[in-house]
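Below, each structure is written out as structure tokens.
You will see two complexes here that share chain A, one where it goes with chain B and one where it goes with chain C.
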Partner chain A sequence: MTITAGIDVGSGAVKAVVVDGSAEPRVLAHAAARIRRRDVATVVDEVMGIVLAESGVDRLDYIASTGEGEEIPFATGHFYGMTTHARGALMLDPRARIVLDIGALHTRAVAMDGHGKVLDYKMTSQCASGSGQFLENIARYLGVSLAEVGPLSLTAPKPEGVSSICAVLAETDVINMVSRGIATNDILRGIHDSMAGRFARLLKSLKAEGVVFLSGGLANDIGLQASLADALAAERRNGAEIILSTDPLAIHAGALGAAIWGAFRFHRLGTTGAAWTSTEPLPTHESAR
Partner chain B sequence: MSPPTPTSQAAPRSSAASRQRASIVAWARDRYEDLELGSVREWLAQEPGRKACGYLPVYVPREVIHAAGMLPVGIHGGGSMEIIRGDAWYQSYICHLPRSVVELGLTGRLDCLSAMLFPSTCDVIRNLSGMWQILSPQTWVRYVDLPQVNDPERAVEFWTGELRHILSGLTALTGKVVDDEALWASIAVYNEMRALIEELYAVRRDEPWRVPSEELYLLLRAGEVVPVEEWLVRAREYLEASAADKNRPRDNARVVLTGAFCEQPPLGLIMTIERAGCYIVDDDLLLGNRMIRGPVAQGGDPLVALARALLHQHRTTSVLYEPDPTGKAREIPERVEAARADGVIFAAPSFCDPALLDRPMLRDGAEKAGIPCIAFKYAENTGQFQQFREQAGTFSDSIKLWVGTRAEQGRVERGRTGAGGEP
Partner chain C sequence: MRDDRVKKDRSMLLQKEMIAEHFQRLEDAPRSGEKVVYTFVPGNLTELIRSFGALPLLPEINALQSGMRGKSKAYIAEAEKAGHSADVCTYVKADIGMMMSGNIGPTGTRLPPPDLLLLSYTGCYTFMKWFELLREQYKCPTVFLQIPYQGDGTLLPEHREYVVKQLREDVIPALEAVTGRAYDEGRLRELLALSARAEDDLVAVLHSAKQKPSPIDSYFGGVYYIGPIFSAFRGTPEGVAYYEALREEVEERQALGIGPETPSGRLDDQRFRIVVEGPPNWTSFNEFWQMFSDEGAVVVASTYTKVGGTYDFGFRHDPGDPLGTMADYCGGCYTNHNLPGRIDMLVDYVKQYAADGFLINSVKSCNSFSAGQLLILREVEKRTGIPGGFIESDLVDPRYFSAANIKNRLESYFQMLRERRRGQVAPGSDATAEVTP
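The block that comes next holds the complex of A and B.
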């Protein structure tokens, strides 16, 4: 049995998994924590502690980092975010050939083959209006928790359109809507529609077809899923058949992919020693120095 | 030696060595960042009559400057310094280095230099030598015409003459009488420097986690502005400290970085490449340091010996004549093999004629040998590294997951691709 860990350091949250990386990878533990204004190293150590405790494993054969985790000192190796999201998506839905990773600051569409090899990608430009952080900011202005955003959006009778070009303009739109008395659910659905429009264009530019797996922090936002389905239905008139797919573990797709690729590298390297065993201190930034 | 596979078994770390290493790197960083050349000014102030001689990339005979009693000072541009007046001197299709050198000169930062040498790296640097004579008439300026002929003996004769001319020009400034003994002493100290740099490169090639490229580069940059004797002490201390303060080996791809021999990349670019998952195991940064392979042989006329060393022991580079038509095609495969690298990153400054004109020939040779390659361009003041991070990160992944690394000890054949990503 090959036991590996994957740590995905995102702009808004750190996600970690422990995986039995044998032929059929199996998730033994997973955890995520928001960074907020904390030191990223502290959050990484905290999340690693949780997954090690939950999984009860006595060793890790390879510790793989991804995302912004290049400098985690106890990592065995690092993989680029697209590589890991592709592999994680493939594990969660083997039919997927495109993954749409909706993160806190960026969204990217990645095309892959049946082995998880990245073939092409497209990414949103630097403007943050299509990002999770933007949606979180708006929810805070509106006094709505993130968990309520999706269900509320689904109840909107008259979605109000917002700017899809610029986060600053979009935030101004929202302030104007609030002062005009537009209902919260209509505002939220308008934002979801705006984001979905950008994502649909991203997928179109990648000539996406077939199963598109949603990963990242917003993958399980049911309001966004509905908006994206509507936006893609409009595109379907042009011939592209797209099936959306996701999974409760979609937020962990990057960490999962890192752990699976870590197991792959462990075998290819023919490593004899473990990256960590339970006789050593927990892998933290401090213990690795 | 084969690199160890990455595990938790890092060497025990010594806190004293760690502090020593950090202190040397901080010392080097201070000198790298100081565009006012504070350490040069301090050296000049220590004794009346001392003089310093600046030089541009790629190669000048520092032994001759040293023997003349001057401090050789490498001028490698202004990094991210704001260019206000320098841009007026060059068209938009010229690289960044000469703009920042002009800016450094016009803002008085180079006024501590009594002489300037401009080697024949390219037309831009040649023209800069003429401009310097107008901009700084109080400075002794010499365009250093490196030999470019397919006849080593005539080239040695020509280059010896050039060395004599430089020595005569510099000693006219210092008033020092330089005999063979003084020249041999300078050659000996630079032989030591070359040997130590080769040792640092060899350690990084064998254990890249022990000598990160960021630290090696900073150390070499410090060597461009401090007396060679001081640098030798610091560099030896660094080597000792790094042996006792090793980082953990990581599962990175090993790459050769090439094309950055003149205008230097920003430090952030070097760091980005290594953080993204690539160990740099060979490079041509600050190539003048390693232009001559091995020591200059002692005996006979020291200037002839120095000339012979350049003509017979030089590295293959764009700034020296390459007589062998197949030389360019063989260069990268040979370097990759010597460094036991997995791939090549062609990183050249924008508008760098010597690097970019050679790149197609070098890349063709690499690709025909089945060596994975990527290429990008930078400027010394590049401030955004995301695109490099993306390229280097995906390059490292493609080698580790689809091509195979040398660390796999022959388990995976080079060139095998798409053979299932399943562990």
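The block that comes next holds the complex of A and C.
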């Protein structure tokens, strides 16, 4: 049995998994923690501590980082984000040939083959209006928690359109809507529709078809999923058939992919000896110094 | 430069001395009696200015230097407080803000007021408005040289004639009036001959990037290489000496088969050869460069290093036809090229320099560069078959440099190039794009 860990350092959260990286990878533990202005190293150590405790493993053969985790001192190797999201998505839904990674900073559509090899990609522009952080800011302004955003959006009878170009203008729109007495659910659905429109264009530019797997922090926002399905239905009239898919572990896709590629690498290099064993201190920034 | 992350080449130190000396002369000009002519990089008439014994001063060089030295943010804030919009070119605001803050230049010396504003218009509309603002401030004479835009992709004989006529009837009389000296064509020919020598050496340096590994970085290093020739030193013995030294230094690296110094150290292991379109970001210059060098990416050709002249396509200043050659020079600046011309140049660079990819750095406040860049991207992709990358930043406004965003995009882009290179690898084999083992 090959036991590996994957750590995905994102702009908004750190995700970690421990995986049995055998032929059919199996998730032994997973954890995610928001960074919220904390020192990233502290958050990394925190989630690693959780997944090691929960998995109960006594060794890690390989510790793989991805995302912005290049500097993690106890990682055995670092993998590019697109590669890890592709591989993680493939594990969670083997039919997927596109992964739409909706993160705090940006959204990225990645095309892959049946082995998780990246073939092409497209990203939203640098404007924040397509990002998870933007949605979080709006939610905070509206006084709702992120967990409430999706269900509330689904109840909107009359979505109110917002600027899809610029996050600053969109925020101004929202302030104006609140002062006009527009209901919170209609505002949220308007924002979801605006974001979904951008994502649909992204998928169209990648000539996406078949199963598109949603990963990243917003993958399980059911309001956004509904808006995206609507936007894609409009596109479908133009020929492209897209099936949306996701998984409760979708936020961990990057960490999962890192752990799986870590196991692959471990075998390919014929490595002997573990990256960490339970006789050593927990792998943290402090212990690695 | 603001920090010392990049080991300095000998030529960089030499350039630093030249610039310091030039700015000292500028500070002393009100006392020494030397006349000062403000002008812009694209289409600059340095030899003509110097043939009258005057000193050129280039506001956009000052602005970018302010950006590199961490001063532009405060200058831009000053300009915005005075009513200049957030969307105005940030070079303009950095310059206006610097002026409002006491006009202390990049080397710490005071900049003199202009005796003449010489606007050579080569495709950037903002330059006109910029000098209108400066004219309002300084109440000094202004002369406007209008260079016909290469809308049809070429400078016609009548365009050339029109420029020469303006030089004779407007620009030279204005310089005569300001300096009190008569036009000396013999002197101008001497200076143009010096320019041609320096230009030969610069082109040899730029062409060296065709070698693998490239001994230079044609964008991040390139902006240093073009410094003297794009600013005050064309047609000067110091300029000639600088380019001789630079060429010698680069030829040494060529002979040894080694790469340029970068923020990640000497870049011998060059994994990606890139062509870049658009100006660099100056406020986070080294951080931006390091995002390339950490990935083993070297820039082998760039269009920004042609804004002050497209010498690598064969142009040299010709002492045999002093005014005609200046017309040709101005017409050929990159900013004066139409979109098809810019596409041709990028395609040519990708092929000539055996590039793996090309990237556009789209600058928020420079419409002159940014308009049409997505069209350029698609067309270059189509004609070369290599993928283009697109990032966004700004010239000297640090608020528009989002390091995490740009790094993410560059990382994705370089990964794509790596995957393409491994395109022939059998499915399921190691296509993991691992950064470190």
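We adopt the following convention: the second predicted complex is superposed on the first by the 289 of 289 C-alpha atoms of A that agree within 3 Å, B and C clash if a C-alpha of one lies under 4 Å from a C-alpha of the other, contacts with A are read in each partner's own complex, and residues count from 1 in each chain.
Criterion: a contact is a pair of C-beta atoms (placed from the backbone, for glycine too) under 8 Å apart; a residue touches a chain by one contact, two chains touch by 3 or more.
Just so we're clear, the structure is a prediction, and the values are computed from it rather than from any experiment.
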Legend entry - Superposed partners chain B and chain C on chain A - clash or fit: clash
Legend entry - Which superposed partner A:Asp39 touches (first chain B, second chain C, both, neither): neither
Inset, instruction - Tell me which partner A:Leu119 touches in the superposition: chain B (first), chain C (second), both or neither. - result: second
Inset, instruction - Would you sort A:Ser11 into first (chain B), second (chain C), both or neither based on which partner it touches? - result: second
Inset, instruction - Return first, second, both or neither, reflecting whether A:Gly273 touches chain B, chain C, both chains, or no partner chain. - result: first
Legend entry - Greater chain A contact set [chain C / chain B]: B
Legend entry - First (chain B), second (chain C), both or neither touched by A:Phe264: both
Inset, instruction - Have a look at where A:Arg108 lands relative to chain B and chain C in the superposition and call it first, second, both or neither. - result: second
Inset, instruction - Could you tell me if A:Met82 is touching chain B, chain C, both of them or neither one (first, second, both, neither)? - result: both
Inset, instruction - Check the residue A:Glu286 against both partner chains and state whether it touches chain B (first), chain C (second), both, or neither. - result: neither
Inset, instruction - Between 117-125, 297-305, 315-323 or 333-341, work out which stretch of chain C sticks into chain B after superposition. - result: 297-305
Legend entry - Intersection of chain A interface sets (partners chain B, chain C): 70, 77-83, 113, 115-118, 261, 264-265, 268-269
Legend entry - Interface residues, chain B side, partner chain A - complex: 5-9, 13, 247-248, 250-252, 275-277, 390, 393-394, 396-397, 400-402, 404, 407-409, 411-412, 418, 420-423
Legend entry - Residues on chain C engaged by chain A in the complex (per definition of touch): 387, 391-392, 402, 404-406, 408-409, 411-412, 415-416, 419, 427-428, 430-437
Inset, instruction - Show which residues of chain A lie in contact with chain B when the two form their complex. - result: 2, 21-23, 25, 62, 70-71, 73-83, 87, 113, 115-118, 260-261, 263-277, 280, 283, 288-289
Legend entry - Touch list for chain A against partner chain C, complex: 11, 68, 70, 77-83, 105-106, 108, 113-121, 123, 125-126, 261, 264-265, 268-269
